[in-house]
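Structures given as structure tokens follow.
Two complexes, one shared chain (subunit A), two partners (subunit B, subunit C).
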Partner chain A sequence: MTKAEVSAYATRLGDDALILGQRLSEWCGHAPTIEVDLSLANLALDLIGQATHFLGVAGDSDQLAFHRDALDFSNCLLVEQPNGDFAQTIARQFLFSTFQELHLQALTSSKDERLAAIAAKAVKEVAYHRQLASDWVVRLGDGTEESKTRIEAALDWMWRFVDELFEMDELEMKLAKERVGVDKSTLRVEWDRRVDAVLAEGTLARPAPRRPVLGGRRGHHTEHLGHLLSQMQFLQRAYPGAVW
Partner chain B sequence: MYTTDLSGKDKKQPAPQTVEDPALLAAFEARVANDEFIEPKDWMPEAYRRTLVRQISQHAHSEIVGMLPEGNWITRAPSLRRKAILLAKVQDEGGHGLYLYSAAETLGTSREQMIEALHSGKAKYSTIFNYPTLTWADIGAIGWLVDGAAIMNQVPLQRTSYGPYARAMVRVCKEESFHQRQGYELTMALCAGSKEQKRMAQDALNRWWWPSLMMFGPPDDKSPNTEQSIRWRIKRETNDELRQKFVDVTVPQAEAIGLTVPDAALRWNEARGHYDFGEIDWEEFYAVVRGEGQVAKERMQARVKAWEDGAWVRDAAAAHAAKRAAAKIAAE
Partner chain C sequence: MSARISWTAGVPAGASASTSTPLGDCNTCAGETPAVQDIRALLATIPDPEIPAISIVDLGIVRAVRDDCVIITPTYSGCPATHFIEQSIRNALDEAGFRHVRIETTLSPPWTSDWISDEGHEKLRAYGIAPPPRGAVSASLRNDTHAQCPRCGSMNTAEISRFGSTPCKALWRCNACAEPFDRFKCH
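After this line comes the complex of A and B, so read on.
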């Protein structure tokens, strides 16, 4: 493995966390209850912390967060999707956190000590994210008629971004082979099992398979990312070189 | 954050007078005078209960509404460290709102009733949050000045007579003092930065200084409930005393980082051992209290929207909990 390869991989991990953290932070002050507001802020804080560490492996984390354009971001498409209603936020979180926990768990045995250490810390946080999101999927699924309709629609909306989570390319295959990275395709069986268990508890049907939307890892994002970045990067762009 | 003392307002509509048992009242007054804590199950005069519900719920509302002006900058924070600090800070404010609503609930008013009173405009919250956050420097100014003023108000409340409120204040004060330092540190960084950053910091001080002084409430001669509240240990220092303390502490902090307090009349008075300062624009204060603050409508709109948009989520959680409870009973 080369330094550049590890950096590219760490950037993917960092970008996933950063973009989802940014999205979740949009809820702050606007959630359905104070308790939910506090929990979403907690998730956002954990993710921004993880982003800082993973991007730090690749370089200067602020430089990477605030000075790249969309083509150089390598997060998966799921995390950049807008918050939508609370059901969409929960569906996105549930699908991603279930994946992220498995990914980080496997990464704790990475031969790269930095990645292994960050993963070991982060996996504990993400286990809680997965639990929180799963509880809400069950509550919404087995709540009222309206909540069931909304969470079904939300899962259906997000489902086309699921396959990308497990997508492997040449870089990640190489790193997985060298036991620095993770072969994400091997996580799918367990992911399916966990997701199905929660859906069953929430009396929800699994959305039908569909043609996946891909491209995030290669910098080809949905239309939403550019807007997210223009907001997130505004001060750094308006005052080049300023220290905050 | 803190709720402005708006107690003068209620004078217009005097609450129904309850005739209290003189023996119980005397025993209560004696306990309070002796600095004992009053607990939820203890007997208390109705007027004391009412005053506390009003004060604690105003305080809680202020924490929750106060999340909005700062929340306005979370997605635009200029570094990952600043983003995390701000997010954690705004989250702390939400936590304060939560303990304060819980403290008020021990007096027999539900959170829903209090939120309803906020949304209908019946309950007030601190006037300070009806000012807009226009630049990143406002985040520094709010931490430094607004949380700074809040600490002045709240430190004495750690010894307030109502136990649950006093205990909530102990935790709140620890966090607020951290926020105040973070806000000052943010402002310091701007003052050590470029010309544009320094201009931003000065502009924020210019806009937030007077509203911060207003946070202590009307002057003592126009604050009719102060005397009663001090006797009941609900308040421990007067509005003017606290305001003076705030000016005395804050002016040297501004000078230390090269900022100018926007008050031509400000000067050190050797004989008094305090700063003299200019006249506050009370007309503006009362206008903001009446709901005419620059972004008062936007703040309430945001709160009401969050509440209404979240109704189906709260309903779902309640329905699910009821189903679980029924299933558990059926299984037993």
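After this line comes the complex of A and C, so read on.
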């Protein structure tokens, strides 16, 4: 492996966490209840902390977060999807946290001790995220007709971005072979099992398979990412190097 | 973020405390130089900025002390107090004449609420925060064990929200005395 390959991989991990953290922070002050507001803000905080560490492996984390354009971001498409209604936020979180927990757990045995250390710390936080999202999937699914309709629609929309989570390209195959990275395709069986169990508890059907939408790892993003970045990066773009 | 993150187990050669042992259990380590003992005593006076009732030593985030270096670890990846704590340590060391003592941050092994000292548990309770159950690593994340109300001592309590006012706390209420309270999360 080369330093550039590890940096590219760490950037993917960091970008996933950063973009989802930024998305969740958009709920701050707007969530349906104070408890949900605090919960989502806490998740955002954990994710932005994880992003800081992963991007720190790749370079200067602030520089990478605030001074790249959309084409240079390598996050998966799922995390950049808009918050939508509360059900869409929960569906996105449920699908991603279930994946992220498995991914980080596997990464704790990475031969790169920096990635292993960040993963070992982060996986404990993500276990709480997965639990929160799972509880809400059950509650919405097994709730009112309205909540069930909404979580069904949300899962149906988000489902098209699931395959990308497990996508392996040449870079990640190489790193997985060298036991620096993770062969994400091996996580799918357990992910399916965990997701199906929660859906069943929430009396929800698994969404019908969809043609997967791919491209985030190569910088091919939905239009939503640019809007997110315009808000997240505004201050550092307008006043480069500004500090508290 | 700090440029001084160290990625390995974090205790340089000659360090006086094992990384797997909470500092609180190591106050009587034999063979420590007077300087190390002085630094330890100094660190024990620095409060956690979010829960000032307990010190950073009680919280278990001070991982090792030697005569030229203090090693700390964050509680959570995104703990916003990390820089503030580092600055507090820096100020305390400087004021006490330990300008040459470095501060390093390590992520591994990851902090666990099991590292909160027994004294820390008592201070949390007195402050109104139910301490976390021991055995965080193996415990269920659901925190199924009931928290004891830190105000009236009742076990008749219920969780309101697993995420509270800081990343390390959950929000509970006591059904007996009707007061809400924080519970330090198992982590």
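Methods note: the second predicted complex is superposed on the first by the 240 of 244 C-alpha atoms of A that agree within 3 Å, B and C clash if a C-alpha of one lies under 4 Å from a C-alpha of the other, contacts with A are read in each partner's own complex, and residues count from 1 in each chain.
Basically, a residue touches a chain if its C-beta (ideal position, glycine included) is under 8 Å from a C-beta of that chain, and two chains touch if they have at least 3 such contacts.
What you see is a predicted model; the values in this text were computed from it and never measured.
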Query: Which partner does A:L38 contact after superposing on A: first (subunit B), second (subunit C), both, neither?
result: both
- line: Of the two partners subunit B and subunit C, more of subunit A gets touched by chain B
Query: Is A:W157 in contact with subunit B, with subunit C, with both, or with neither (first, second, both, neither)?
result: neither
Message: Quick check for you: in the superposed arrangement, does A:Q236 touch first (subunit B), second (subunit C), both or neither?
response: first
First, second, both or neither for A:I118, with subunit B first and subunit C second: second
- prompt: Touch check for A:Q131: first (subunit B), second (subunit C), both, or neither?
  reply: second
Task: Figure out whether A:S61 sits in contact with subunit B (first) or subunit C (second), or with both, or with neither.
output: both
- request: For A:H53, select first, second, both or neither according to whether it touches subunit B, subunit C, the two together, or no partner.
  value: second
- line: subunit B and subunit C footprints on subunit A meet at residues 35, 38, 42, 45, 48-49, 52, 61-62
- prompt: Which of the residues in subunit A end up touching subunit B in this complex?
  reply: 18, 22, 25-26, 28-38, 41-42, 44-45, 48-49, 51-52, 61-62, 65-66, 85-86, 138-140, 142-144, 146-147, 150, 231-232, 234-236, 239, 241-244
Message: So in the complex, the part of subunit B that touches subunit A is made up of which residues?
response: 64, 67-68, 71, 74-84, 87-88, 90-91, 94-95, 97-98, 101, 136, 189-190, 193-194, 196-197, 302, 305-307, 309-317, 319-320, 323
- request: Show which residues of subunit A lie in contact with subunit C when the two form their complex.
  value: 35, 38-39, 42-43, 45-50, 52-53, 56, 61-62, 113-114, 116-118, 120-122, 124-125, 127-128, 131-132
Query: Can you list the subunit C residues touching subunit A in their complex?
result: 1, 5, 7-8, 74, 76-80, 106-111, 141-142, 160-165, 167, 171, 185, 187
